[in-house]
Every structure is written in structure tokens, then in C-alpha cells.
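Heads up, there are several structures right after this.
Here chain A shows up in two complexes: once beside chain B, once beside chain C.
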Partner chain A sequence: MTWFQKWRRGEGAQGLFLISPTLAFTLLLLAVPLVLVVALSFWTQDYLTLHRTFTMDNYKTAWSEPMYQYLMGRSLKISMMVTAMTVLLAYPVAYFISFYVPPKRKAMWIFLITIPFWTSYLMRIFLWKVILGYNGVVNGSLMGLGLIEEPLSFILYNQNAVVLTLAHAWVPFAILPIFVALERVDRSLIEAAEDLGDSKLRRFFRVTLPLSMPGVIAATIIVFIPTIGDYVTPRLVGGPNGLMIANMIELQFKKANNAPLGAALAISAMAIVTCVALIFIWMNKKYIRGAK
Partner chain B sequence: MLGRGHFFKWYMGIFLVFLYAPAILLPVFAFNDSSVVSFPLKGFTTKWFTVLQTTDSLHVAVRNSLMIAVTTAIFSTLFGVLAARASTRFSFPGRRSIMGFIMLPMVLPEIIIGVSLLVVIIQMGFELSLWSIILGHILICTPFCIAILSSAFMNLDQSLEEASFDLGQTRWNTFWLVILPLVMPGIVASLLIAFTISLDEFIIAFFLAGTEPTLPVYIWGQLRFPQKLPSLMALGTILLVLSISLLLIADYFRRRGVRKTGIENSGGFL
Partner chain C sequence: MTQPIIQLKGFDKFFGDFAALSQVDLDIKTGEFFSLLGPSGCGKTTLLRSIAGFETPSAGSLYIDGKTMEGVPANKRPTNMVFQSYAIFPHMSVAENVAYGLKARRLPKAEITTRVAEAIAMVGLEGFGGRASHALSGGQRQRVALARALVLKPRVLLLDEPLSALDKKLREQMQSELRRLQRAVGITFVLVTHDQEEALTMSDRIAVMFDGKIAQVATPQALYGQPCSRRVANFIGMMNFLDAKILSTSGDTVEVDVQSLGKLSLSLSQATGGIEGCNSAGVRPEMLTILTGSQTAEREIEAVVSEVFYYGDMTYYDVRLPFKEEPITITMRNTAGRTVLAVGENARVGWSASSLLLLR
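Now for the complex of A and B:
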């Protein structure tokens, strides 16, 4: 038997053979298009004709124009606020399910938490508009209780509304990885800390939290990176001051007919978000090492 | 300990209200006898559902979406089966990075996927059609299918396969007679999840829709007209009931699959 025949019958070849259709599809529809978008960001467009000469102009515009700088900064801020709120909301839920719910009921609780995620995406955002609106549910009930005299106007059509709506949409995605990480925490380590005289709070910060950190990091990445690309939530509940970079990207690709600038904005946003995420992971590694 | 349990009870109560608020309000407004979507409620009616029956443009959008969702479910499950089987059964060079790459659409902003597919399709000189949306949807659904199918394949006992070989079955027969029946519940769950995701997906569909709208693209267009809102609430209610039923069915199959392989049930989807 030649080495080739041996290799063909081996595990490696069989695995590669099996995975090749999926891999080819992803290469063709993800890698190739992404490369093309990068290329496009270095080209220029003039109405409908594309000029394929290399230029940095799109990036210069994307990084120096005050409007884009401002939008990018705001989007980054909103994404960070959404991530922080989502993870803070999700952690106690995951903790409750992992530590307080009997094992037989855990699957049911996880199911209960994922159900709202399957409500129509557009309807869900629209209903937040109804809940937070001038004549909405929140204002209606607060006025009914006599807590406020006039409807609150600061809760809709601004960044707070965007943060709240996005946090609602992403919270199941944050609960799941944190829950999985908490399930993996060895309970005897917590008992050991208890036996050694650590208070509940110290026990949590010195044992449970560091051990569940991989789940928190996964949740952060899963929420932070995709939120930068949402243009529906800002459009529906954000008002004029709640628009994000994705709205601008959409505008450049569709109405403004400047796909190269849109591509440069999209790639810049992705690059910034990836850098922030990497810094966060690096800082966490230091924190976990410090705790040891 | 009692004090802490108390805190969690309150916290979970408030959290569930926050989580379920939109899902509960949707049917409330769908049956509300008022052309304005706000409180106070006016009375009970089913007229918004009858409005839906006579809206032809909606029916076209529903047909398009069903076609896309069914095609997406079949292809992404097929790709998912191949990838999940390969990654759980075989070790091959570069397995981790290949799997990481295939799962990438799960964390990539959807706008990036929409934009990049739009660029490719236009550069290649193709027309935007329902097929462009299908390609985008297969791309984002495949990672979800892999996540579900991987746990189905991982729970397989390899000795069953070896027993089948020892009894003289071919590789092909072993797959059809032993492996496939055992992972069938996972496959059904994967089909249903991909169908549900595709049916509801808006961001990619909006970028890649040509002249033919999908259901979410249709809804987006209608959200601008205040007089259309109550019937949209009725539509949303139907979609909610539909996705929850599909999900319950998917979960039933997933549990059955877990039971079949004889491993303790823990956790839900994803």
C-alpha cells in the first residue's frame, strides 16, 4: 500500500472528506465575499460605475469625517452598554438556574428563557416602542398609579430605548454560556472555601466568579460583536439621536449608492469591535491569573 | 440562605416580566377592538385576523418565506450533518480552525453577511432573487444546526458502529441502519430550528431581497402605516404560536434523541 492509499483510508482523510462540502460552501459564501468587501473598500464608485484603482480615500473619509467618527463612537458606546446590561442581567438568572433549580427542572427553565427569542424579531422591537411610548404601557401604568403626572418622554426615541431593546433581544444568548460555565464549576471547591471560613460574598468573588469567567467572556463576545451591526432597533426606537453606524452602512449601500464607503465603514466597525473584544479577553486572562 | 433565595425569587419574577412583556402584549393588541395600538383596551374582536385573509400581498410574502425556509432547513441540516459527523467522529488536521471558521456566522454581525453577499452577487452580475436570500440563510443557519447535531452525534456510542462492522455490514449500511436512526431526532430538531430562524430573519433578507419580499420584509414595509398595525399584531400572534409549536416539537424530538442514546437530559437548545 502506498502512503496515499494509507492516508485515504485513515481518519484524517475521512474527516476532511466529510466536512469538505460544508467547508466549501462557507469558503465560497463567507470568505470570498468578505475578501471582496475588503477589496471594494479600497475602490471608488461614481454613480453606477466602479473604479478599481487602489485608494485609501474611503478609509480617510470614514476615520476623519466628524459625522462618521461621532456615529462610530456612539455605536461603540451603545454596544458596550448593551453588553454590560445584558451580562449583568443574565448572570443572576444563570446562577439561579444552576444553583437553585432542581436538576430535573433545569431544562424546562432554559426552554422558558429561550421562548421569547422566537417571537418575530421586528414585532418584538415594535412592541418595545408601544411599551415605552408617550401613551405606552410604562407611562400609562405609572400615571395610573399616580407616580407621575405627565408621561415620561425620556424613555423612547433615544439611546436608553436602544440599549433596553437590544438587551432584551440578546439576554438569552448571554444566559446560556454563563449557565454552561456555572454548571461546570466543581461544587466541592465552593464547599472547601466555606469550610476554610470564607463568607458567602468572598466565596463568590474568589471561587464561583473566576471559575465561571469563560462563560462571561463567551457571553460578552456573543452579544458585543453582533449588536454593532443592528440597524433595525436604532431605526425603530432610537429616534434621531439613537442611530448607529449600521444605519449609515445600510444608507451607503442602498440609497446613497456609495458601496465602497459603506464597505470601508463596515470593515472599520468590525476592526474596532474585534480589537475591543480582544482587549477584553486579554484583561480577563490577567484577572483569572491574578485570582489564582 | 433563605434571604438569598428570596432575592432570586423577586429577581426572577421581574426578569420574566421583562422577558415576556412583548410576547404577552402581542396577542392582547391582536384581539383589541381599536385601530390604535395603545392602552386602554377597547373590547374583543377577531376582525384583524379576517383582514389578513384578504390581503393578497401578504399571501405572496408568506409563500416566498415558506419556500425559503423549507429550502434553507434542508440544506443547512445537510451541511450540518456532514460537519457534525466529521468533527465528532474523526480527528483531522486543522479540525478546530475549520470548525471555528464554519461557526463564524454565529458571531458575525448579520449586516456584514448581508453586505458581503450583496457585493458578490452584484459583482458577479447576478440578479437578486429568492435564491440569494436562501444562500444567506443557509450560511447563518448551518452553525445552529451543527450545534444541535453535534450533541446528537457526540452521544453516539462508537461500539454500536463497530458491532455493525463486525457483523459484516458495510460503511454505507451502518450509516443508514445504525447511525441515522439514532440521530434522527437531532435531525428533526435541526430542520425545525433552521426553518424557524429563516422564517423570521430580516436583516439579510432586506439586503438581498430583489422585487419579491419575504414575510419580515413585508412586515417592515407595513410598519410605516399606522392603520396597518392592528392586523400586523394579529399576524405576529399567528407567527408566535407557530414558532412556539415548532419549538416544542423540536424540543420533544431532541429529548427523545437524548433518551435513545441513554444519557441524562440536561440543558435545552444551543
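Now for the complex of A and C:
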């Protein structure tokens, strides 16, 4: 038997066969573009022509220009706020479904939570504009109640609006992993904590929360990584002060005709996000213990 | 008598319209080793969880130390529980698990450290304090669960089948260890088990439960010797039953007609569950003897051996009596010079009227 025949019968080959469609798809649509972007970030562009001589200039600009530093910082801040808000909103919902909804109804509740996905994301952003706008629902109601004289202007076209809109969009994604983690918490452990004398609040912080941390960590990562690269939401509800690094990357690729700088910014942002995520996971490593 | 530490009065627990416990009346004495024994699903866990405060009664009341437990949550009761699954906190080390309840009481650090060390030593886990709790064997987990509860010095320790997951050897070792611990700390133990041998060897008193009701509460000897019904007698050890008909009672004596054995006059005290409705006579296998050679007994009956089970130290015989379809069982010790009978041989069975029980 040749090595190839042996290999074909082995488990490795079966596994590879199983994942091959996904693998091909990923290579084509993720890895290849990524390699191209990395390559691009070391080149230079002169109007429409690319010069393929290796240079670090793009990275120097990306890391030293105050404008980019500032935008990067703001993006990190916004996505951290979104993440915090999302997880804080999602946890009680997941907790409620896991602990208070009768087992028969849990599936229905989870299904209900996915209903927002039936509307496109753009639609939902426009709805937030309707709600938060100058003549929007919030201002209209507050003025109608006589609580304010003039429409509030700090609620739309700024960072708060970006945070609010993104958090609303991502909450369902955060609820699911937290729910799954809470479902896996052995209820007899919580009873044991009660039996040993802990009040409801204390047993939550000493048992339920630590044991559901894997879900919280998953939710954090799921929300944090994509939001930092979001450019639709800041563009539509962020106003000039709500723009994020992805808007700048878009600008470089399109209007500014400087794709290499855009690529360098994108790669830098990726590196930073990866670092932040890794630090976060490292800080919580004691909670992430797989089945033994 | 001193006040019972645990007292249940007319205690009911319904799940939907299923009665898991009905009309339970029970007194558990301070400092005793009490066992709840019964077949699977009879409500033992429900009763234990009710005492611990995890189930609220549908009717009736529970007193611990003379105080009503109505509205008192589990974390405020003077009881601690060793769960059927042990419920060891997986995110904590052995020492942290044991310290859990002490921290809940916000005791000073130094006191916690010494008491944890003591408790860990008491259950024989010295040197395991820093061990992650997922790296423990079943027996070690059980001891952690025990230490975690005992360190709080509860008035009552509730144990829900704590030994059922262990192999025979370890179980026997833990049984004597539990008994020793209970004598040493003087805490009231309430043990749930469905293993009758475990209940008999460990307990001061046993409550036998069937279908959510308490059938009998007695010491191990009384339970074995004077079971109150056929069902209890059958659950605790082995018993042979013969149909019996009460002919008359006068004063302290009962005239009965027993299948195969004929008319007898027995003492009223042999109707251990009351004479009312008695329809069978029971006799333990070890109360019967197979007579050999010139041996005689108070009463004798001819039988035929239908099965032989040889266990080395013991032989179990199934023998057929005249006028009885089902064979009865006799256990004999294989003492020196005793020959084991073969299937089909005739046997002289010796018995005495005083070893019969009248049951319903």
C-alpha cells in the first residue's frame, strides 16, 4: 500500500474531506485577500499606479500621524463601550431565560430574540435615526410632555448614537453564548452555595457568574472584534465626531487614492484588536477550562 | 425525652398533582444517626430537600430545634447537605471549596485557615488543599463535600446517598468512617439510602418509606425483627411468606391456620404490625434449619430441595413444602462436618412457632 492510499483511509483525510468546501471558501475569500492587503501595505500608490517597491512608510504614517492615532483610540473606546453595554444588557436577558423561563418555553424565547434579524441592519439604523433624530420620537415625546423646550441635539450624530445603535444590533449575538454558558451551570452548585449560607446576590457572584464566564468572554470577543471595524453605523448616525478608524480606511482606499496607507491602517487595526483580544483572554484564562 | 431536633407534622409535598410526600410525621432525635430508606422514587430526596429548605411544603409543618422553618430559606437553616452529586465547585480548589461556607459567614481569615485545615485533616485529605477540584477521584470528592459541610458545625448534616457512586470496598470504608465521624462530632446525621444493608449497619434508627409515605420508623434490630408489614419485611432482608388465616383471638393468644404448617396458637405480639387484616405468616430464612442425622427441633416438617445456591460460608436452599406452590428459602451456615444437600433430596426442616410473624 502506498503512503497515499494509507493516508486516504486515515482519519486525517476524512476530516480534511469534511471541511474542504469551507476550507476552499475561506482560502479564496479570506486568506487570499488578506495576503493581498498585507502586500499592498508595503507598496506605494501614485494616483492610480502602484509601485511595488518595499517600504515601511505607510506604517510610519499610520502609527505617527496624530489624526490616525486619535481615530484608533476613539474606535477602541467606542467598541469597548459597545461591548460593555452589550454584555451588560445581554446578561440579564440570558439569565432570565435560563433561570426563570420554564424549560418548555426556552426555545421559543431564543427564537423571539432572533426576530430583529428579520429586518436588515440598514433598516434598523434608519429606525434609530427616526427615534433619536432632531424631530424624532424621543425629542417629540419629551417636548410633547413639556419636559424640554428644544430638541436635544446630543442624542444623534455623535458617539453615543453609535454606541447605542451598535449595542442594540449586537445584543442577540451576546445573549446566545451567555445563555448557553448559564444553561451549563449545574443547578445543584447554586443550591450548594445557598446551603452553605450565601444569599442570592452573593451566590450569584461566587458561583453563577464565574461559571458562566466562558459565555461572557465569548460574547465579549464576538461583539468587540467586529464592532471596531464597523463603518456603516458611524457613517450614518455618528456625525463628524463619531467617525471611526474604518471610515478612515475606507477614505484612503476610495477618495484619497492611497490604498497602501489604507491597507497599513487596516493591518495595524487588526494587530491592535488581536492584541487587545488576546490580553482579554489571558486575563480571564482561569475561567476558560475545557472539559477534561 | 429531649426535644427532637427535626420534627415534621402532616407534611405534604405535591409536584403538580403528584404527591411526592404525603402526611409525613417524623421526629428525629438530637445526635442520632438517622436513615431514610426506600426504593427509588419513594420521596427520600424530596424529604431531605424539604428539611434543607429547597422544597416548600404543600401542607404541614417542619420544625428544626423547635423553631418553625416556614419562610426560612436554606441559607438561614442550621442544616448542611452533602448532595447526591457532591456539587463540588469546579472553579475552586479543595481548600476553597471547604472554606466556602466560612467565607459566606465572613469569619476572620486566620480562623478560616485553621478550621479549613482541621476539616481537611478530619476527612483524611491532608496535602490535597491546593488540588484543583476536577482532579479528584469520586471518593475524594465525597470527602471534600463532607468536609465542606462539617466545617460549618451544623446542627444537622443531611446526606443524600453519599456513597452510592463508590465501589464496594471504598463504600464500606467510607461507611465506617462516616459512623466514626458522626460519633466524634456529635452532629445529627440524616442519611438517605436505598441500600438496606447500609441503613442497617450505620443507623441508630431507620425510617422506611414507600410511595411518599413513612411505613415504619424503628431501630435496625426492631425493623428486621418486627417489621410492620409484608412490604417492609420484604424490603429489609429476605422473608418467606405463607398464607395464614386468623381463626380466633383470645387475650394474648391468636389461633391461626398457616399454609403447610397447620393450626397454631401464637402470641399476639407476633403480629408486629397489629392483628388487624393479617393474612400471612412470615419467617426469616435463617430462622429455619435443615436437620441432619439425629438432630431434632421443636417442630419439624418434611420438604424437598428444589434449588441449592452454594456461597462458600453459606448455602441457600430453596425447598418445597407440602401444600405450597412456591418454594421457600432457608440459609444454612456451612459449619464443620455439614454436608450440602443436593437438588431432589428430602430434607427435614426444623422451625419454631415463636419465629413466625403475622403480617398483612
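In this section, the second predicted complex is superposed on the first by the 276 of 292 C-alpha atoms of A that agree within 3 Å, B and C clash if a C-alpha of one lies under 4 Å from a C-alpha of the other, contacts with A are read in each partner's own complex, and residues count from 1 in each chain.
FYI, contacts are C-beta pairs under 8 Å (C-beta built on N, C-alpha and C of every residue); 3 or more make two chains touch, one makes a residue touch a chain.
Quantities reported herein were computed from a predicted structural model and do not represent experimental measurements.
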Of chain B and chain C, the chain that contacts the larger number of chain A residues: B
Which superposed partner A:191 touches (first chain B, second chain C, both, neither): second
Partner chain(s) touched by A:118 [first = chain B, second = chain C, both, neither]: first
Contacts of A:133 with chain B and chain C, given as first, second, both or neither: first
Chain B versus chain C as contact partner of A:181, first or second or both or neither: neither
Interface residues of chain A shared between complexes with chain B and chain C: none
Residues of chain B touching chain A in the complex: 4-5, 8, 11-12, 15-16, 18-23, 25-26, 29, 37-40, 79-80, 82-83, 85-87, 89-93, 95, 98, 101-102, 104-113, 115-120, 123, 135-136, 138-139, 142, 196, 200-203, 207, 216, 219-220, 223, 232-233, 236, 239-240, 243-244, 247, 251, 255, 265-270
Chain B contact footprint on chain A (complex, rising order): 11-16, 18-19, 21-23, 25-26, 29-34, 36-37, 40, 89, 92-93, 95-96, 100, 103, 106-107, 110-116, 118-124, 126-128, 130-131, 133, 135-137, 140, 168, 171, 176, 179-180, 183, 200, 221-222, 225-232, 236, 246, 249-250, 253, 259, 262-263, 266, 270
Contact set on chain A toward chain C in their complex: 186, 188-189, 191-199, 202, 206-207, 210-211, 286-287, 289, 292
Complex contact set, residues of chain C against chain A: 52-54, 73-75, 79-81, 83, 85, 87, 89-91, 100-101, 104-105, 134, 148-149, 152
